[in-house]
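Structures given as structure tokens follow.
Next, two complexes with chain A in common: one pairs it with chain B, the other with chain C.
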Partner chain A sequence: MEVDRVDGRTRNQLRPLACSRNLLNRAHGSARWSQGDTIVLAAVYGPKAGTRKNENPEKASIEVIWKPKTGQIGKPEKEYEMILKRTLQSICLLTVYPNTTTSIIVQVVNDDGSLLPCAINAACAALVDAGIPLKHLSVAICCCLEENGTVVLDPTKLEEQKMQAFAYLVFPNSVLSVLPQGPSSVESEPLEHGIITSVTHGVMSVDDYLHCLERGRSASAKISDFLRRSLQSQLPSDRSKAA
Partner chain B sequence: MGSSGASGDLSGEMEVDAFRRLFPLRFYERHLLESVRPDARPLGRARDTTVALGAVATADGSAMAKIGCTTMLAAIKLEVMTPPLDSSDEGSVAIDFHMPPICSPIVRPGRPAEVAPVVSKQLSDAIISSGMINLKELSLVSGKAAWMAYLDIYCLDADGALFDAALLAAVAAFSHLQIPAVTVNDDGRVVIMSGENEEGKLLKDPVNKEKRKLTLTCIPFSLTCILHKNYILADPTAEEESVMETPVTVVLDSSSRLVSLYKPGGPVLAYMSAVQDCVALTRQRVKELQKILSDAISDMEVD
Partner chain C sequence: MDDRSLNLTTSFIDQIVVPGDVVLDLSSMSNQTIKLGGGLRQDCDTISVMKAGKLKFSKPNKYWVESSQKRYVPCVEDTILGTVVDSKADNFLVDIKGPTLAFLPVLAFEGGTRRNIPKYEAGTLLYVRVVKANAGMNPELSCTDASGKAAEFGVLKDGYMFETSTGLSRMLLSSPTCPVLEALGKKLSFEIAIGLNGRVWVNAASPSTVILVSNAIMNSESLSGVQQRIMVEKLMQKFQSSS
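Showing the complex of A and B:
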């Protein structure tokens, strides 16, 4: 495939990923996730006792605080908070610690496109670092649609502005389990094909969206592998610390 | 599932209302098994929808939309502004969504509802990215003056599917919007509305000779569905939204292009078939809503 993007990537190529965990001393879990120049730092505090008003006390509650790089939080940040909260609620086992609140603080270090997916990946890694019980991991990706209908993955800010439409998609990662496949693969589709979150901007045809889904799915498998590898590679040090 | 087992034993001797409050999920699942909902709707049908144009007399354009009990009041106020340099021949639209304490027991006075800014952002994304409004039509004098349309949507009764009702009210308000006749006065730059008193003095420089309406193209319409197990419930009520927590909002424009597919998390994963079913339900709903809106407009013109 020919190279046709400003930064010399092919359409399906992601920017270099990096993930480091356990950076903050006081937080119960923290992670820094970067995709090229988009960098997000996430910290997890909790589970703390009690839930906020209007939350179900029979379940654990999740609270997300979004800190932009500069300035006050506005409507877009509020929306990001809500999407992040609902997404993380769906991957956490909320029944394990009822009547507790887990706070996730997301600090944007630098925004160069695909900010929300980057934040979701960072938050997921931070939850793992904090040892919050999860059903599975979540993997987020941004797919952009050019005017001529081709799909471009993981756009930079410049590309995001030029594109006709883009979709943020979040998928569950594939579960590696010794247990036989449970009721997860209903409808003959594997678990990792289900969409946890989908947010789109701009007008596209339904077929283009389905095309985005397909591309996003295959790219999310790669990010999922990376996430799993980077979580595993830091395990030995954690164990030595515990000992 | 201890609780569901217990509910099975108790349900024989329990009143329906008590069962509904104690085991809401079981209550709904029993209905879903019969492909019906507690308000006697089939799963894929939306509630009765009405649109009334011109609900606010002082606004330049207004509409009231009701989907079942969910009630939205939208009003547009036009003001003249100097357009920014980079888009000198375009007006602009500012959209705000309000949830006063009257709309729901969850909203407390003084503390704004959590969902309000989110719905507000979703609305402006849908309205602006759909390209329904040609912003050039809101221009008066290129580089000097343009209309700023302030669209405020008030939720009077929040009974589920807030975004759908808000979008419908917003679209209806824009279709009711009349741009007033304006002129430039003697002082030069100031642009004043001449209203109806055009008799006598000659209009020096009629910038906008007569009242006109915007031409709306590609009007977006939306449908929210709730996913629960394999069931898809169209147009949920507030109770359904609180019991089953996976909403999917699909926005399609009148030429069936996808403006937004919005699924913020939720315990149920949307597989390909569910996505396609939601889109198909929305296609049907768009036809219904188009008819409701055009009926409301033609009713208005008869009056």
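Showing the complex of A and C:
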């Protein structure tokens, strides 16, 4: 059954995406990611020398600071920071610069649903802008579940509040490769079938969760294409023939 | 993804690649030595991309990813501008906009002995050469060239230092001379030192010349050669009409 959403989208349709990088003067990398009316600004500083006491000095450490739009910093912000930190730790190559700290500061500009996925996308784009070595990019999406079991992608804030359950899913991006696809590849499944992070709220059955995963994965391919195009258009063209 | 069967290694050269893209398959090229520059890493039998940028290839066997960042990755034999942060018994600690501080041995000057160690305060600007840059270790610098002569290295007095991206520094140092520097050099006389780590020092007889040159350089990052010359012409006209 088709569900009529308030803004006229279909169930699987995402809101318009926009990404701009290198906005902030002093930050080493910055990106602003918007999905519809949800806008998040991420800034990356680093890598800088030294790690904090409890961190492993053989690896780079990542520090995330989440700044909400209004109000004081409390437990929800700490939870977002922890989720972001774990997600970004799994995409960064931590052994390239040991004993350094990279700080990522996420500022919520506007929250209209699907805030954490938007922040993860913004943080990933900011890391690319800062030149931090990454294994691959991360693409995040929010899937929610209605009472009748239909899966709806990228909800607005009103839709999110009415849903029975929702899941934030983060997948690796789809990579271009010179390797031949098919049975000769050593890995049993291509990289895009992996998942980096999954955060769920509310009650859903296992089958519903698997549906969410499937829908989320196919939508992540679209976001991954968008991210690749935005990286291609903003990188400076080749002018220098270095002596 | 579409089928790439022939000429696999040439498909990504001079194209923008994002982290995660697999650009070379080593199992298909045995008995060859390949040199990898910045932005690429070896992952078992494949070469994959760590930083977003344009993949470049130079014969016979060098591959690297060219990108422009605000931070610097230390490489041997680069000439850079560093600021002294602290001085220890054996080394000066110098900030070079990299992941860690760099060491400049107190004897790494022409005719340097224990009796005539220079006294540099914190904040002194130095034009230095990178001697060692190993992963995980602090880079080592020197104020002499490979044969031990001073060769323009050392303290830069007076003048004005500003920070740009590494891509702009490479463009300014490219040969033939970068259009913006050529156009400025025809009308004004100034001294300039460009560090590959994204720092530029300008000195001239009058402060207005310094400001003019610095602003012209900072504005020229995203302009083509012809646009740079036009921009400098306009600046010179405004400057001459107002003075």
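Quick note on the criterion: the second predicted complex is superposed on the first by the 222 of 243 C-alpha atoms of A that agree within 3 Å, B and C clash if a C-alpha of one lies under 4 Å from a C-alpha of the other, contacts with A are read in each partner's own complex, and residues count from 1 in each chain.
As a working rule, contacts are C-beta pairs under 8 Å (C-beta built on N, C-alpha and C of every residue); 3 or more make two chains touch, one makes a residue touch a chain.
Being a predicted model, the structure only gives us computed values, none of them experimental.
Once chain A of one complex is fitted onto chain A of the other, the partner contacts of A:90 are limited to chain B, with no touch recorded for chain C. Contact with chain C, but none with chain B, is seen for A:99 once the two complexes are overlaid on the shared chain.
By the touch criterion defined above, A:134 reaches chain C but does not reach chain B.
In the superposition on chain A, contact is made by A:176 with chain C only, not with chain B.
Contacts of A:6 after superposition on the shared chain: neither chain B nor chain C is touched. Shared contact residues of chain A with chain B and chain C: 172, 186, 191.
Chain A makes touch with chain C in their complex at residues 28-29, 46-49, 93, 96-100, 128, 130-137, 172-181, 186, 191, 227-228, 231-232, 235-236, 238-243.
Against chain A, the residues of chain B that register as touching in their complex are 106, 114-115, 117-118, 120-122, 125, 129-131, 218, 230, 253, 256-267, 269-273, 275, 279.
Here chain A touches chain B in the complex through residues 54, 74-76, 78-79, 82-83, 85-90, 165, 167, 170, 172, 186-187, 189, 191, 193-206, 208-210, 213, going by the rule given at the top.
Residues 1, 4-5, 8-9, 11-12, 14, 16-25, 39, 41, 44-46, 48, 50-54, 66-71, 73, 99-101, 135-136, 167, 170-171, 173-175, 221-222, 224-225 of chain C touch chain A in their complex.
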